[in-house]
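After this come two complexes, each holding chain A, first together with chain B and then together with chain C.
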Partner chain A sequence: MNQPSTIEKVKSYLLGPGLQKVIALSALVVLYVFFGIFGANFFSRDTLVSIFDSSYYTGFIAIGLTFVIITSGIDLSVGTVTVGSALIGGVAYNIWGWPIGLCLILVVLVGILFGFFNGLLIGKLGLPPFIATLGTQFMSLGICSVVAQVQTMRYPNIMDDDGWFKTVFFKTKTGFPMGALWLTLFAVLAIVLLNHTKLGRYTFAIGCNEEAVRLSGIHTKNWKILIYTLSGFFAGLSGIIYAATYSAITPQTGNGLEMYAIAACVIGGTSLSGGVGSLVGTMIGVLVINVLKNGLMSMSLPVQWQQFFIGVVVVAAVLLDIIRVKNAGKVKR
Partner chain B sequence: MKITKVLAIALTAMLLATTMFGCGSSSQSDSGGSAGATELETETEAEAEAGSETTPTTEKKSIVLISKSYQNQFYQAAFKGAMDAGEKYGFEVTTNGPDSESNIPQQVDQVSAAINQKPTAIALAACDPESLQETLTKAKTNGIPVIGFDSGVPGDTSGAVVATAATDNTNAGAFVAENLFNDPTFQARMMEGTEANPAILAILAQDSTSGSIVFRVNGFVDKMGELLQTLDGLEGAVEVTGQTIWNKASASPAKVKIVITVPPSTNQADIQTAASTMLKVPNTVALFAANQGAVDGLLGATADGMDLDRAAGKYKDLIVVGFDAGKGQKEAIANGSFFGSVTQDPYTMGYEAVRIAAEIAEGKTPADIDTGARWYNSENITDSEISVLLYD
Partner chain C sequence: MSDTNKVFQDILQMKDIDVMFPGVHALNRCSFTLRNGEIHALVGENGAGKSTLMKVLTGIYTDYEGEIIFNNQTVRFNSVKDAQLKGISIVHQELNLLNHLTVAQNIFIGRESEGFFLNDKIINEKTNELIGQFRINIKPTDKISSLSVGKLQMVEIARAMSYPNTKILILDEPTAALSDKETVELFEKIRELKAKGIAVIFISHRMAELKKIADRITVLRDGEYVGTAEAGSCEIPNIIRMMVGRTILQEPKTASAVLPDAPVVLEARNLVSPVIKDVSFQLRKGEILGFAGLVGAGRTEVMRLIFCADPKASGEVLINGKPVKMKLPQDAVSNGIGYLSEDRKRFGLMLRLSLLDNVILGSIDKLISRGLIRGKKSQEVVNHYISELKIKTPSLRQLVQFLSGGNQQKVVVAKWLLMDTDILIFDEPTRGIDVGAKSEIYDLMNTLAAEGKSIIMISSELSEILRMSDRIIVMSEGRKSGELAISEASQEKIMELATQFIGEAH
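Up next, the complex of A and B:
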């Protein structure tokens, strides 16, 4: 029997499981070129920096979300948990007088807490993920604002003594994108987690057929708790980056950030029906979303168009996903 | 699996490399930092040939105005002024603003994107000046002058802001206080306050971060505190509470309390809820709604102002003063439900912002413009010099 040649292997991969990634990559390039032609001064270093700057916190949320979506769940609370945890960190810094390092650890802990809470609701108590995380979204929105007494919390500026956290997590004074470094680091860690550990394997398995996994003796409840806690962990990390990017955290905001992350995951090929997903795809999706955001701004279109087009892109991505799933089910000649 | 991953990583690495090692601190779009992929290089040339209208070397002048929120009618009036000035001075005017005045990150992103477009100038009303400092430093490095309008960018340390066309909000706030204080009923009711039952003067401020609101409330609180203490028995008995940045304890136990409420966000639902809560506080003598958003929220909480009717309304004894204009407020002033308001001149703010940009483009050094504030009530609302300032 002839071994399929490398070209045939690549072809069958690109047209099969890798298709969504190829589409996402092509979309990225097409969009980038499109905005370069029609936008104002899009092909510049500054614009690239802007695209990356605004993508870090979405990127972190999207990493955690990828795991959750692969299990055919969803986590709507990540946006408000990002801002809420950053808010509580801000309270610790401004009102309780904690040193900034401890505050950042607190931010991640708050994220983990909400993630664990989601895990308990969904894993242990069996609530549908949509409802449970919607509830957590409102709970985090409210409780974090209460802790902050509904006042805007500020993080130190890059000029202040404690501004080192910005230099470390976002950008150095000379403009080196530290945020990109951290995102890449955690993305690589997450890729290893997803593809080479039990957690990753079970994530896919639960997404494909949770009942079968449970019947084969695996404690799916516990693994789900872990996966949602992981999502919360990444939301907490995202909170640090959010604080490093924007400094002023307004209470009662964050609602809607998760949509960009979910869009990124879907664009990158993570199926909402579960069992399929890739972190590389998610990262491409994050870039697509941010190129879209920045590109639309460079065309001087009001921010409302941004919302419209991101919606269009999400619908297109989900449609492609459905077509891909349908085709995969067809008998091939 | 491997090939796509390699492609993806390669593309990301190229984009990253362009960011990190791109052509120095170029502020010219034609030298554009795309030192990476060759396909990007040919596209840059094509773009420059296509005559992009923002390369500084061409004649076309452009200005981007970014307000605190895009939907607010106040800013729509400012944009109209800017568009008219744009026609007169030959500027291409683009406008933008976040979807709500609390959405600070969105405005930061918009200012950053505006800088990337390399306009001749940027006009900005900052939601939160501190959050914008780094972005403004980028504007300065890129040689793009920033003109403050309305709130402007108070406390700017980046040096990017060259001039401001705005109301002197501290004076405007003090102006409201003076006019309110002139009402003998107000004075009498304030003097009735006791330690056990202090008289309350409530302030509804939509935020505690943007320059215009902060200075306005400052001006009001300082002036009113000063004036109230001249009244019999109130010296040292005026306390300010509600928001950390404005709090001031009184020397002796307070007989009058100035209470400031800031709703959790600037969307109307939240402002209205805050207003409802404030109205229920007993012994509230007067209420100052510090901008149009706050006024609209208050009107919403009082059945479109009907509860404030001087003859039969639920809150007929409440003395209300407002700020800015807008259809609801104008009606309330005209029928006497509002004691009076102070209006700004948003049209002139927008107009002057573009005119200042024209001055800068000619190489002149611009000066700050105080676009002024006027007191209006049911008596003078129909005067032509007042009505022209009142937008819908």
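Up next, the complex of A and C:
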């Protein structure tokens, strides 16, 4: 076997499986420069920080979603679970009087619980992921609001007693974006998990051909339960960051967050038909969405234009992917 | 065309057809001639260009060089519909029918009615006419999902013939999924079409049936025209030689090398499921046990029971003489059983993943240290199997979907070898694999058996059964109808056993 040179390898990667990432990254740069020129005061540290600030919780749920989508599944509950778990943590803090540290653990546990529930419905009982997680979306929205007695729950602000919570998970007193640090840390861990462990390998394999994986003697059901639980875990983490960012958690919100995360995955080249995807792509996708959001704001356009343009970017990303797959098929017949 | 040749008037001439795909010269000045009302077989190894040539003819590929003369006119079809309306229809190997619609709705899909509203009555009547012509035993209102594969094939042909101008009908491997009985029926219909003056192009891998049905045989190799022969006067080995450019000997095994007292590694006792009726057998160490029978005899189902891919109603499986409780495929794997499905793409491979990922799928535990998959070690292991099994691939990162059928099969074999299973069940191991790669798979199976692996081989090709097996079990209608030592086996004996229970009340 002749070994291709490194340059050839890089070239074939960038034009093949890496193309979507290259395109997403170029889109990110183009958008950033575009808004820098046409937006008011866009090239500033404040704007950059604001882009990051709005990226955290979408980023966390998009990490978990990337795993789920690669298995050719979907998790529509992550948005409401993010807010719902933060709400339950807030109940523990405000009403039950738990110490803040314990409350944060509870937030993550609530996320894990909802994820595990999704996993049982999908892995064990064989419900279609779309239906199961749609159900969980409504259930989490409802039950968490009931537990909170439909009251807004407050997390400590920076001047309050447990103010360290905000400086550790959102921003230091000097303004350093801690959320970005946490997101980067967990993204790196997740990349290792997806690309270098059994869980990650089975995630791709299940997305490609679940029956072939089962017939290779692998307990696909249990792995699916684990993957949905992982998605719930990331929704829980997202809940902590969400609480740190906003401090006040309103019941019966959070639906719609998952749509931004799904859009981020798709922009980053993760295929909804499964088997294909990357976390680096997803992270770029999250940034694309938030650059777009902040950029359109800096052009003082009404907020509805954000939604419109995010839609345009999602459709364009999927269209590019379809063209890429078609061309790849043509080359190899 | 001179008058003396009138009988043999050509309805179609494809001259110097040239098709380039990026990186592949799919057709290289390829020619093909079809006479009026003949049955013309088109053969060649996988990738020889048969499908590409037919796709040019039916308007699927419009980007080609060369000339097509149809009915004495130069034509260039720009779409499938264009070709159909002018008189050329194709029945693809993978049937394209809509499961939840009726026969009539399928036949007239895209041509339902002139106006906006549907009129099922009219298309039902038209369909009834077609069905009557072909004497197919179905109703226009039958749901597609309720029909057998053989019937579906007839529906496809009826659909092709429902275009009033149809002069040429192309059948792409129509018998691949049919039982022998259904094949005989199909051939009758094809001859009827011929009698009506329809020219039929028949693509198949099965040499024996070509001699039965075809008037002439054209061979393609590597995108080029090799030659055309009269089916009546040519010999099958000659055709195969034209296809591969070399001679392949297919000599049956005469005696088994496995001693009759070799230890029994696998024993099935009284297996029962909704389709399997009380099947028992033994597999000995180092043996290749052939499972013969017609399509649908229940051979795959037996193996899926043993592998726990489907639940069994009752029965027992013994490994090395001890009864084992197995419920899921992973239990079968941990007891050393490997199953290589007849449908590699659906049940064996992850087409969009790399060769490496496919091979290590079941053995990741061996390649892990401290929770992480060792890339170097995985590559070493997979490279070892690439050279051992002679897998042809540009790299171990190559996506499996771009490998040929034979190499895909070797990837599946490598996966099971790495999982260290001692009992390998090969279900139709050479289905869809070209002649050259077949003998490589045979060699591989012989080597494995000689190394002490025990093999069960399901095959619908009698020549394959007789060539490979040490012992043969024949199944019919979900039952074991007989067992033959290779020294006493013959095609006739196997066929007799394979048809034993057919026609009996269930």
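As a working rule, the second predicted complex is superposed on the first by the 327 of 333 C-alpha atoms of A that agree within 3 Å, B and C clash if a C-alpha of one lies under 4 Å from a C-alpha of the other, contacts with A are read in each partner's own complex, and residues count from 1 in each chain.
Everything that follows uses one rule, which is that a contact is a pair of C-beta atoms (placed from the backbone, for glycine too) under 8 Å apart; a residue touches a chain by one contact, two chains touch by 3 or more.
Keep in mind the model is a prediction, meaning the values are calculated, not measured.
With the C-alpha superposition on chain A as described, chain C and chain B fit side by side in the combined arrangement. Using CA centres, the angle subtended at chain A by chain B and chain C is 140 degrees, rounded to a multiple of 10.
In the overlay built on the shared chain, the residue A:302 is in contact with chain B alone; chain C does not reach it. More residues of chain A lie in contact with B than with the other chain of the pair chain B and chain C.
In the superposed model, A:196 lies in contact with chain C only, and not with chain B.
Using the contact criterion defined above for the overlaid structures, shared-chain residue A:205 touches chain C, although it does not reach chain B. Applying the stated contact rule after C-alpha superposition, one finds that A:216 touches chain C and leaves chain B untouched.
Within the superposed three-chain model, A:250 lies in touch with chain B and out of touch with chain C [touch as defined at top]. Of the two partner chains, chain B is the only one touched by A:21; chain C is not. Touch criterion met: A:283 reaches chain B, while chain C stays clear of it. Put simply, the nearest alpha carbons of chain B and chain C end up 12 Å apart when the two models share chain A. Comparing the two complexes, no residue of chain A contacts chain B in one case and chain C in the other. Taken in their complex, chain B has these residues touching chain A: 1, 3-5, 7-9, 11-12, 15-16, 18-20, 22-23, 26, 29, 32-34, 40, 43-44, 46-47, 50, 52-55, 64, 70, 94-99, 102-106, 108-110, 112-118, 128, 130-131, 133-134, 138, 142, 208-209, 243-244, 262, 264-265, 270. Per the touch definition, chain A reaches chain B in the complex via residues 10, 13-14, 17-18, 21-22, 25, 28-29, 33, 36-37, 39-50, 52-54, 145, 150-152, 154, 157-158, 176-177, 180, 242, 245-248, 250-253, 280, 283-284, 287, 293-294, 297-298, 300, 302-304.
Residues 1, 4, 192, 196-198, 201-202, 204-205, 208-209, 211-219, 275-276, 330-333 of chain A are the ones that touch chain C when the two sit in their complex. The residues of chain C lying in touch with chain A in their complex are 21-24, 26, 307, 309, 328-330, 332-334, 339, 341, 346-353, 357, 360-362, 364-365, 368, 371-373, 375, 386, 394-395, 401-402, 415, 419.
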